[in-house]
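Accompanying notes for the structure given below.
Chain IDs A, B, C and D follow the sequence of writing; residue 1 opens each chain.
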Amino acid sequence: MKSLWRDGERTREVELTALGPGHWRVSVDGAEFEVRSETMPDGKLRLTSEAGVTVADVTAAATRRFVRLGTLDFVLEREADGRRRAAGGAHGSGLEAPMPGVVTKVLVVVGDEVTKGQPLLALEAMKMEHMIRAPRAGRVKSVSASPGIMVQAGATLVELEDAAG
Amino acid sequence: MFRKVLIANRGEIACRIAATLHEMGVRSVAVYSEADRGALHTRVCDEAQLIGPAEARDSYLNADHVIAAAKASGADAVHPGFGFLAENAAFAEAVERAGLTFIGPTADQIRAMGDKRAARKIAEQAGVPIVPGAEGVDAQALVRAANAMGYPVIIKAALGGGGKGMKAAYNEAELREGLEAAQRMAQSAFGDPSVYIEKLLEHARHIEVQVLGDGHGRAVHLHERECTLQRRHQKVVEEAPSLALDADTRTLVTHAAVRLAEAVKYRGAGTIETLLSRDGHVFFLEMNTRLQVEHPVTELITGVDLVRAQLEIAASGKLPFEQFGIPRHGHAIEARVYAEDAAKGFLPQVGTAMRVRWPDGPFVRVDRGIESLDAVSVHYDPMLAKIIAFGPTREAALQRLLGALDDTRVHGVVTNLPFLRALLRAPEVRRGSYDTEWIEREFLDGFAQLMQAPAPDLALAAAAIAEATQPAIGAERAAAGAAARAAVLDPFAALGRWRQPGLGS
Amino acid sequence: MFRKVLIANRGEIACRIAATLHEMGVRSVAVYSEADRGALHTRVCDEAQLIGPAEARDSYLNADHVIAAAKASGADAVHPGFGFLAENAAFAEAVERAGLTFIGPTADQIRAMGDKRAARKIAEQAGVPIVPGAEGVDAQALVRAANAMGYPVIIKAALGGGGKGMKAAYNEAELREGLEAAQRMAQSAFGDPSVYIEKLLEHARHIEVQVLGDGHGRAVHLHERECTLQRRHQKVVEEAPSLALDADTRTLVTHAAVRLAEAVKYRGAGTIETLLSRDGHVFFLEMNTRLQVEHPVTELITGVDLVRAQLEIAASGKLPFEQFGIPRHGHAIEARVYAEDAAKGFLPQVGTAMRVRWPDGPFVRVDRGIESLDAVSVHYDPMLAKIIAFGPTREAALQRLLGALDDTRVHGVVTNLPFLRALLRAPEVRRGSYDTEWIEREFLDGFAQLMQAPAPDLALAAAAIAEATQPAIGAERAAAGAAARAAVLDPFAALGRWRQPGLGS
Amino acid sequence: MKSLWRDGERTREVELTALGPGHWRVSVDGAEFEVRSETMPDGKLRLTSEAGVTVADVTAAATRRFVRLGTLDFVLEREADGRRRAAGGAHGSGLEAPMPGVVTKVLVVVGDEVTKGQPLLALEAMKMEHMIRAPRAGRVKSVSASPGIMVQAGATLVELEDAAG
C-alpha cells in the first residue's frame, strides 16, 4: 500500500506492508523498518519499533494530517494516489494565492515583462498586506485577479510564460 | 456595580472579560458576526447579539450595530476589549450618548493619545523623554525629516498602535516604498492615511508600564512588562518583571508613567510604552488607552485582576487600591499562539481546529479563544490563545511555559507553536539577551533551517498506519465533528436562525 | 529526573499530576478500569493501560495489576496520588521491588503513620500534643476506655484516614452501634477491622501543616491549611492560611510539624493534621503520608507546585528549596464539587455529565476530573472537581470563589453546587466563625428548608418551552452526545478493544 | 399542552398555550403569565416576561431537565403524561434503593413487625454505608434483597404492609 505525502517542500513516499494484525513493514523513501501498532482507547497509536515505544496522535483535516509524536508536531499533506507533482510547477511558485484574502492591488497587465522579485499584486488578509512577487523573470500570460475580489488559497492569480516564448 | 455589560469584541479577550464578569455576578452580553455564529465567546457569555456580516467594518467595527446590540440587550455598560473599537474616541462618545458607560478612558483621552503627535507633547510635558520623529501626510516632508535625523527610521500610522502596519526603513528608497504601503494600510485600517516616522533605536528593548487612573488626577502603576521579543514589530512573548531594568531605571520609568497618567487625569487602565536604549535610557513610544494583550503577566505578578479594576473604576470613579497595596512577586511569561505557518513566512492559516488541547497545570493560565471543533476564519486577527506561566523565578516560569507549550496541541489548523517552542529554547532567550530586532536578525534563519528538516520517518509511518486502520479518517471525522458540535451546542439549530432585533431584516 | 511516570489513580488528581508531568517533559501513563474506558484522565495522559474491571479492588486497588501496567509501559516511577494505594506500604514496597521508584515516603514511614497508635507515639516523642484515646479490636475494651475518658468520642479505622468511616458517639449505646459499623467498614475498606477511639474535641477547628522531607532528616513546612468546614468529617471547603491561628500558635504548630517530619526522616510530601481546641491548643490528629486533596490552596499561597516538589525529591533525594525560600502571600479557598444530591441527604449521584462548564477566570483554578459528556460512575468517590480561588485577601478570594461557583454548570448529574453556593454565602463563613461540627449543627437545617422551596414558575416554563420547541430534547441529545464523543475521541473504536499486555486474557 | 414535572417532593403542572411563534401563555399550578421565547444560536432560551428578560439554559438527561436561570440551577423531572403520582406511594417512602449500590446487610425477614425508623437493611455505595430505615410502623411483606447483591436506584428492596392487615 503506497502513499505520497507532502512534508514541507518535499514529497515523500510511504509503503506499508501488513505482516500481521498491527504489525507492519514500513518503507519511507526506501528506508525500511518494522513497526507494531496498537490503537489505544482514546484513539492514539502506540508504535513499537527498534527505536522503542512512541505514542502518536494523528488528526485528519481534509488532506492534512496533524501528527503528534511525543511532544513534537508535524503536518503532512496526503497527495492523491499515483500523482507525484513535478518540481517547478505552478504550485508553490508564488503565482497562487498563499492564503485566502482580498486582492488590494494588481501591478501588472497581460504582456508585461517582469523581473525576478518584481511585485505583481498585493493581497490583504487578517489585517496584513502580503506582496506577491515574480518567482522568476518572464512575461505575464494571464491575470485572474482584480482589486477587491476575494480569493481562496491556491487560486491562480497570475500566469507567467518565458519572456523568450 | 453594573448589572449587565456588553463585550464589544470577540476571541480570547471577549472570553477573558466574560470570566471576570461571571465572577463578579455581572451579566455578560457577547456580540458576534455571521462568521462567529456559535464561536466560543458567544458560548461563554450569558447572551449573544448578532451585529452583522463577517467583515469587521460591518460588524465589530460598526459602532452603531454594537450600540444597538447593547441597547437591545439592556446592558448598562460596554467593555471594548482591545483592537476593534477600543481606541475609537467617536465610539466612546456614542456609547456615553446612548446613556451607557464606556469602560475605558474619556473620548478626549483616547483622542489625545491616539494622535501620536499630541501624545508625544503630553509625554514631553510630563517629563518623559521622547524619541526624535516627524509626522504628516506629505511623504516628501517625511523623507526630508528622515534624511535630517538619519536612518534607520520607523514608519507608523498616526492613529495606529499595537505594531500593526509598522515598517522600518534603512534608506530613502525603503522609506518611500514603505510610506506608500503604510498610508494605504492606515487609510484602510483607521480611515486616516496619516503616518509618522521616528528614529529607530537599534538594539533597544521594549518596556511598558501598566497604569490605572481614577479619572480625577490620581493614578497608580502596576510595575512594568517587557515585550522585547517581537517579530515584525508584533509582540510574540511578553514577561513581567523586566530583566533589563535596574532599580533606578525601574523607579524612573514607573514614576514617569504615573506622572503622565496623572497629568491627563487618566481614567481606567492604560499602558505607557517605552524603548530602553542600549545605553540604558528610556524613551516614550506611545500610550495605549486600553487593556493590552499581554495584561495577564501583570495580573500574575501583582495578584490584581485588571478587568475587575477597570470595572470598579468605571463604576465608582475610584481606584480600588493604593500604590503601596500593589505587591510584586515572582515572574510571569506569556506566549501568543497564532494560526500562522512559521515554515511559510508566518502566513495566516484558516480552518477548523479539529482537536485542541490547552495545557492546564498549576501556575499555567490559558486565555483561549477557541476550543476543539471551533473555526479559525480569515476575517480576524489570527491569535488563538495566550499561554501564560508563573513561577517564583524567571527560570522556573520559562521552564513551566516550555512544558506548557509542549503540552499544547492544536490539530486542524497550523499554528506558530513550533516557532514558540524553538524560540523559548534559544540560549539568548534563556539568558535574556536580545532586543526588539533580534528574532529577525539572528533567530529566524536558524529556525527556518530547523523547519526545513524532514519529518521523522516514524511520523510518516504513523500517518500511513492511521489511514490504513481507519481509511475514512479524514472525511468522516470532519463530518462527525461538525455533527457533534451541532448536537451538543446547538440543539435548537433546526428551528431556524434567531433573529436579532434592531438590525433591520 | 524520571523519563516516564505511571499515575496509579483516576479522576481529577490523576489529571492534575499529569499536568505537572507534561510541564516537566516527563511522559505520563494513565491506568484505567473497564468503567473508566475513555475517562478524562486517560485522555490527558500520553498513554493509558487497562488494569481490570470496574470494581476498585480488582483494578485501582490491585497492586499487581498496577505494577504490571507500569512495567509494560516502561515507566520508571509510580505516583500514587491519594486514596487507592497511596498509603499502602506493601504497594510501596512492591513498586520498589519491581525496580521502580515510588513517589512518596518509604514503606516503613507509611506503615508507622498508617498505624494510628504508632503515629501518636511518634508525635508525642516529637513533642506534638496528642488527644486522649484508645485502640484495638475488642469493642468491650474500647467502650470501657470511652467510659473512663468521657463522651463524646470519635471512632476511626486504625488504618483509615481522610475521614472515611469516622463516626462520633455521644453515649455508650451509640458507641456500641458505631463500633460495629466502623469495624465492618474498616475490614471492607482496609482489610483490617481495627478501629480506635479518641476523645472528641467539641467546637474545634481543623488545622493542618504541609511538610516536605528529603528522606535524610531535613524537612520544611509550607505553612498551614484550615479545613474546618466539614460535613460528616468530610472536608468540604479548605483554605490557606488559617484565620484562627495567632502568630505564636502558627509558629508552634508549623515547627512541631517540621520536628515530627525530621524525627522520622520523612521523605516527600506529607501533612500533619491537628485540631485547634476552642481554648487555642493544638492537638495532633494524624499524619497523612501523601498529597492531600486540598493541596492546591497551599500551592496558590506559596507559588510551589507540590507535585513537582514530590518528583524532585523522589528523583534527587534533596529538597528543592530552603525554608526561607518559601513565601506566603494572599489567600486561597477551595470548594469540592461532588456528585451528591444535597436535597436528598447528600446521596451520591451517577449519570452522564451532559454539559459541563467549569469557570476559567484569572486567579481561579479548577482541578477537574470530568468534562462534558463524561460519565460519573457508581464505583468511585463522587468528587468531580475542585474549584480554587486566590485573592490578595480572604474576602477577595471568597468573593471570587462564589462568582466561580455561580459560573459553574454541571448539567446531567446532580451536584452539591447549590450546597456550596449557600454555604459560602453564610455569614458565619464570611466571618470565619465555625468549627468542624458547625455545618451539621447549625447550617444544614436551614439549607434543607431552602432546598425544599419550589422552583420558580419561570424554571418550569423554561423546561416546558424547551420541550415544546425541541420535543426530542431528551433522547436525541443523549444519543447525539454519545455519538459525538465516540466520533471525536475514539475514532478507532470500531477496530475493537485494545488489548493490554500483561493482564492475561 | 399540559405536562407534569417533579420538583423535589412536589408534582407540578404546567400548561403551555402557543399564542404565536415564540409567544406563550403559561400556567404553572394554575398561576397564569405570558412569556415570549427566543432560541439563541447556542441553544439557550431568552425568555421575556412581565418580570423582565431572563436567559434559561435547559439540558435534558433522560427524564430529567437541568434548568439554569441566571446563576441558579434547578433539576426537574418530567413525569409521564397524564399520570399524577398519588402521595404516599412506595416511591420516596424509603423502601426503594435510593442509589445504585451493594446490599451489605439485611436486618429483617418477611413477617417481622417493625417500628418507624427501625433499620431494615444497609447499602454500600461510593465507599459509604447507608442505612435504610422503616418510614412507618408495619409488617414486612416481602424482602427482595440479600447481602452482596448489587441493586439499581429505585429497585424495591422491602415491602411493608400495615401491621393490622
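Heads up, the rule we're going with is that contacts are C-beta pairs under 8 Å (C-beta built on N, C-alpha and C of every residue); 3 or more make two chains touch, one makes a residue touch a chain.
Bear in mind the structure is a predicted one, so any value in this text is a computation, not a measurement.
Each chain gets a centre from the mean of its Cα atoms; for chain B and chain C, those two points are 39 Å apart. For the pair chain A and chain B, the distance between C-alpha centroids works out to 30 Å. In terms of their C-alpha centroids, the spacing between chain A and chain C amounts to 50 Å.
Centroids of chain A and chain D (each the mean of its C-alpha atoms) stand 58 Å apart. Residue positions of chain D touching 2 or more other chains, listed in rising order: 39, 71.
Residues of chain B in contact with two or more other chains: 25, 355, 406-407, 469, 473, 477, 491-492, 495.
Interchain contacts give a graph that is no line, ring or star and is not complete, per the touch definition above.
This structure has the following touching chain pairs: A-B, A-C, B-C, B-D, C-D. Taken together, the chain B residues at the contact with chain C in this complex read 15-16, 19-20, 22-25, 44, 296, 299, 303-305, 307, 325, 327, 329-330, 355, 357, 359-365, 372-373, 390-392, 399-400, 402-404, 406-407, 469-470, 473, 476-477, 480-481, 483-485, 487-488, 491-492, 494-495.
Chain C contributes residues 25, 27, 32, 37-38, 42-43, 46-48, 50, 73-74, 489-493, 495, 497-499 to its touches with chain A in the complex.
By the touch criterion stated above, chain A contacts chain C in their complex at residues 38-44, 46, 52-53, 55, 70-71. Chain contact summary for the complex, chain C toward chain D: residues 164, 181, 184-185, 188-189, 343-345, 347-352, 354-355, 378-382, 406-407, 409, 411-414, 417-418, 451-452, 454-469, 473-474, 477-478.
Of all the residues in chain D, the ones that touch chain C in their complex are 1, 3, 5, 7-10, 12, 14, 16, 18, 24, 26, 28-29, 31, 33, 35, 37, 39, 45, 47, 49, 51, 54, 56-63, 65-69, 71, 73-76, 78, 98-101, 104, 124-130, 153.
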